[in-house]
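We just call them A, B and C in the order they show up, numbering each chain from 1.
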Amino acid sequence: MRILEKTLIYIALGIIIAWSLMPIYWTINVSLKTGLEVYEVFSTRFSIENYVRLFREDFQRYLISTIYLASLTTIISLALAIPASYSLSKLPLSDKLRRGFLVWTLFSRTMPPIVLIIPLYVMFSQLRISDNLTAVAIAYQVYTLPFSIWMLMGFYRETPREVEEAAMVDGAGPLAIMTRILVPMIMPGIVVTAIFSILMSWNEFLYAVILLQSLKNYTVSLIIASYISEWGVKWGEMAAAGIVSSLPMLLFTAYVQKYMVLGFMRRD
Amino acid sequence: MNVFFSLLAYNTDGDPMPGRRDFIKMAVLGVGGFVVGVGAGYYLGSIPGQQQVGAPSGYNLSALGRDAEHQDINTAVIDFFSRENPGYRVDYSPLAYSPLYDKTVLALQQGSSAYDLVYMDDPWIPQFGERGWLADLEDLAKQEGIGLDLGDFSSVLIDVGRHPYRSGKLVAFPQMGNVQIFAYRKDVFDRLGIPEPKTWSDVLNACEKIKASQLVEYTIAFRGVKGNPVATAFQPILYAFGGKIVSDDLRKSALDSKAVEALEFLLQLKKYAPPGVENFNTPDVRDRLIGGRIAMSTETWPGWIKDSDNPAVSKVPGLLAYTTTPGERTKTSPLLGVWYWGIPAASRNKSAALRYILYSASARMQKIMAILKGLPPVRSSVGRDPDASALRRWIPIQVQSLAVAVPRPRTPYWPKIEDIFGSYVNQVLAGVVRPSDAVAKMSEEIDKVLAGG
Amino acid sequence: MKTGSISYILVLPSLALMLFTTVYPIIGVLYYSLYSYNIVTGEFRFSGLNEYIELLRDPLFLTSIRNTVMFSIAATVLQTILGLIIAVLVNQRIRGKRYIIPILVLPNMFSVVVVSSMWKLMLDYETGLINHILKSLGFQPLPWLTSMDLALFSIVLIDTWQWTPICFLIFYAGLQSIPRELYEAAIVDGASSVRTFTSITLPMLKPYIALVLLLRSIDTFRLFDKVYLLTGGGPANSTETISLYIFKTGLVFWDIGKASAASFIMLILILAISALYIRRSILS
């Protein structure tokens, strides 16, 4: 019985693993083919021409735009969230304000992005700041800021009270406590939060496609989307672009995956 | 709740916080990436698109244009222009179709003087002209003492550039002569002794013969996917049957029984098309034509057949022939899809911009670009030029088609109308709605839109 | 008190940004929805509830709501069940968990644009891998993304591929948290594995199941990227979702008034679903 059970389990898992890997394998396969060979499943001719062509057509400028956007978004989020979370978790504040922030963080996680963007778009264009990566970084704060605040609050709460109390006894004010003691303590948590912000900006599509028009401001998401365009799907390049743009994020995601799960399960 | 927090799904070392080593790695990656990113961001953000070479006294023009082959052509023209006109510089920003439309609308609506040249698809002209966003080119030319050689252009091209249509000010100048033509496999037609089709009935007869002969995989193909593609592919057929979408005064829908007949004809054609034609878009038709899998393409754009004689890309070099779109009860009505240059009313470099436009549309430049880059020319003289037609065999037919072409209805509400029209024709093609019902529903919805709804 | 004011100062910038990026748009959406506002034609006049009435009379809008709800239910249920099954399988005494789990989780590590492009390569009628396999097995290729009947299902499939890993992770964590003693007691009592599952595992997993159901419903409701990239709402509007409808109305046809009204309606709908989630989280 045991052996039969075990075999069935392995077979089931095998199917599931094949299912999970199949599209990824196929994309890598297509990215290494050229011309009409994309139609063949197991042809043995490989070439990195797609990747070469990608970079000859300036793919790196989209990578750079996206890095810039992700960095700017994260800097803004962290700069605002680190003090705010500290205040919300350690300092006296009106309960209503605290509750308000809590509701806001939950609310923004459930809010569909499209609902908020139209007035922002109208305002950005009236202020003449559309088609601008900085404006997009601000729009991204809709999600990254509440999320960062929420994550950092959790990390702040983990820190032992004694350290703070000791510092207060020594006469340190709240700002000093935050900058000299707590921030260094939760630095790994800050890194995790930063990575989430980076991932979110890197992978985002809706706001980017609405707020950006010029090719020179395009993010990686937009350029890959353009390969699936009316003038014919450039299969090889699309596959290559997908692989190239995913590699850095794969590393980051692997690192924070467990926090994603924790994130879903925490309720405080 | 802390129980949850300390729970780690599958982490085997049970360490809730990232270790020191990981942190340092991540921090280095992060800081490095950030420095590169911000530095590059500043760098990218500070150039307006090309090298700043500190122009001396001269003209700096800023242009918004299309990407892909339009970018190829326009940047080549700009290259020639700047070399032959020292002191003039043109900055070209390439954008894809929808982003170009969005950005142009925003820039024009804000009255921004950031751009001196805007590249427009002809349906946009009524919208922009209606709002007074574009400069009067004839006026401008008169002030400059330049003569506009309008005679070398088919009258419809100039009419479309005016707002109101035909009678108003010239607010746009033609640049790229995109128009529908009919492409077919001459070798197949000759083999079966079929003459060049002049009417849609001829086309249907040819379909029957070709299908029986089995010389090609499928007889015919056209774009059927909902929206602009099927609307554009179907309009010549509708017009050929005497139908109309919008009344001449642009106030009401003009769809009637002729539209129903045209739709039923379309369904006849569908029988000879590959399955799934109701989802076909440009690549589906173009690739089959160039790949030798169909004998006729009812609606063909010059961009599709640019490389049709290139053996490296095409399976039918030299085998395609072209003619004007068939007529039926009325004369032929190929659809215009011409791209125009316009000057925003708020631009501060209007005379320099006009100079560029006339250079780009000059007979000499049009011929050079036709030969070099496969530009479909807008000038009739270039259409008759033997050098251009030797290399690009479709040019004579394309330019002739310009002379008889029809533009899409010149109403500012066209995008919405096209969307409705395209949606229903697609549904008819998919067999979801009957032609008579589709026409009834379309009329109703289009009337609402035109009433300002 | 000094400490008191510092605490508010630290929170102020975030508060300001929050008001700007969340509260302002919501008020904006409500405001614009009462106007007939078109950016291209320049029209801007008060029209009260007119936009809402037009919206509710628009068959495309109603279709989009229907499609979105259908998609949401199908995807949520499918992902929850699959996630649970996979978690149970992986939780067994098998070797190689260290390798299996990262592989299972891999699909969720790609951006939605990359996932869409990967699946376009899989589902394309002419060149897709799945139709290749079908053809080589002697079956007819299927029009995954171009048939009215299959398109929405294909999107469900893609979404499932992308998000089942997260459901799996949550359930797996849940399974790990069930104390061993309960199972040992069950064995002593001679319970069959099915009985164990239904009386011990499932009840203990209830909060996790509720969480996954809630999260996935909220998430799937906002479907946009995949349909925008792969089907554009077609064929025959079978994959038109609410987000896509709002996008097209407001940013392709520039009818800001109508798009805002639709946004507001979507807001209400999502609040209804997520009120559960928010209340649960606040109460704890």
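In this text, a residue touches a chain if its C-beta (ideal position, glycine included) is under 8 Å from a C-beta of that chain, and two chains touch if they have at least 3 such contacts.
None of the values given here were measured: they were computed from a predicted structure.
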Graph class of chain-chain contacts, one of line, ring, star, complete, other: complete
Chain pair with more C-beta contacts, B-C versus A-C: A-C
Intercentroid distance (Cα basis), subunit C paired with subunit B, Å: 35
Averaged-CA centre spacing for the pair subunit C and subunit A, given as whole angstrom: 16
For subunit C, residues that touch 2 or more chains besides their own: 39, 169, 173, 251, 284
Touching two or more other chains - residue numbers and ranges from subunit A: 233, 261, 265, 267-268
Contacts with two or more other chains, residues of subunit B listed in rising order: 1, 7-10, 102
Interface residues, subunit C side, partner subunit B - complex: 39-43, 54, 97-98, 101, 125, 143, 146, 148, 169, 172-173, 176-177, 232, 234-237, 251-254, 284
List of subunit B residues in touch with subunit C within their complex: 1, 3, 7-10, 12, 98, 102, 105, 109, 127, 130-131, 225-227, 276, 278-279, 412, 415-416, 419, 423, 426-427, 430, 432, 452-453
Residue ranges of subunit B touching subunit A (in the complex, touch as defined): 1, 4-5, 7-11, 17-18, 22-23, 26-27, 30, 33-34, 36-38, 40-41, 44-45, 49, 67-68, 93-97, 99-100, 102-103, 106, 110, 112, 281-283, 286-287
Residue numbers on subunit A that touch subunit C, as the complex places them: 6, 9-10, 12-13, 16-17, 19-24, 26-27, 30, 38-39, 41, 80-81, 83-84, 86-88, 91-93, 97, 99, 101-104, 106-108, 110-123, 138-139, 141-142, 145-146, 149, 173-175, 202-206, 209-210, 221, 224-225, 227-228, 233, 235, 238-239, 242, 245-246, 249-250, 253-254, 257, 260-261, 264-265, 267-268
Parts of subunit C lying in touch with subunit A, wherever the complex brings them together: 2-4, 6-8, 10-11, 13-15, 17-18, 21-22, 24-29, 31-32, 39, 86, 89-90, 92, 94, 100, 102-122, 124, 126-127, 129, 132, 161, 165-166, 169-170, 173, 211, 215, 218, 221-222, 224-225, 228-230, 242-243, 246-247, 250-251, 256, 259-260, 263-264, 266-267, 270, 273-274, 277-278, 280-282, 284
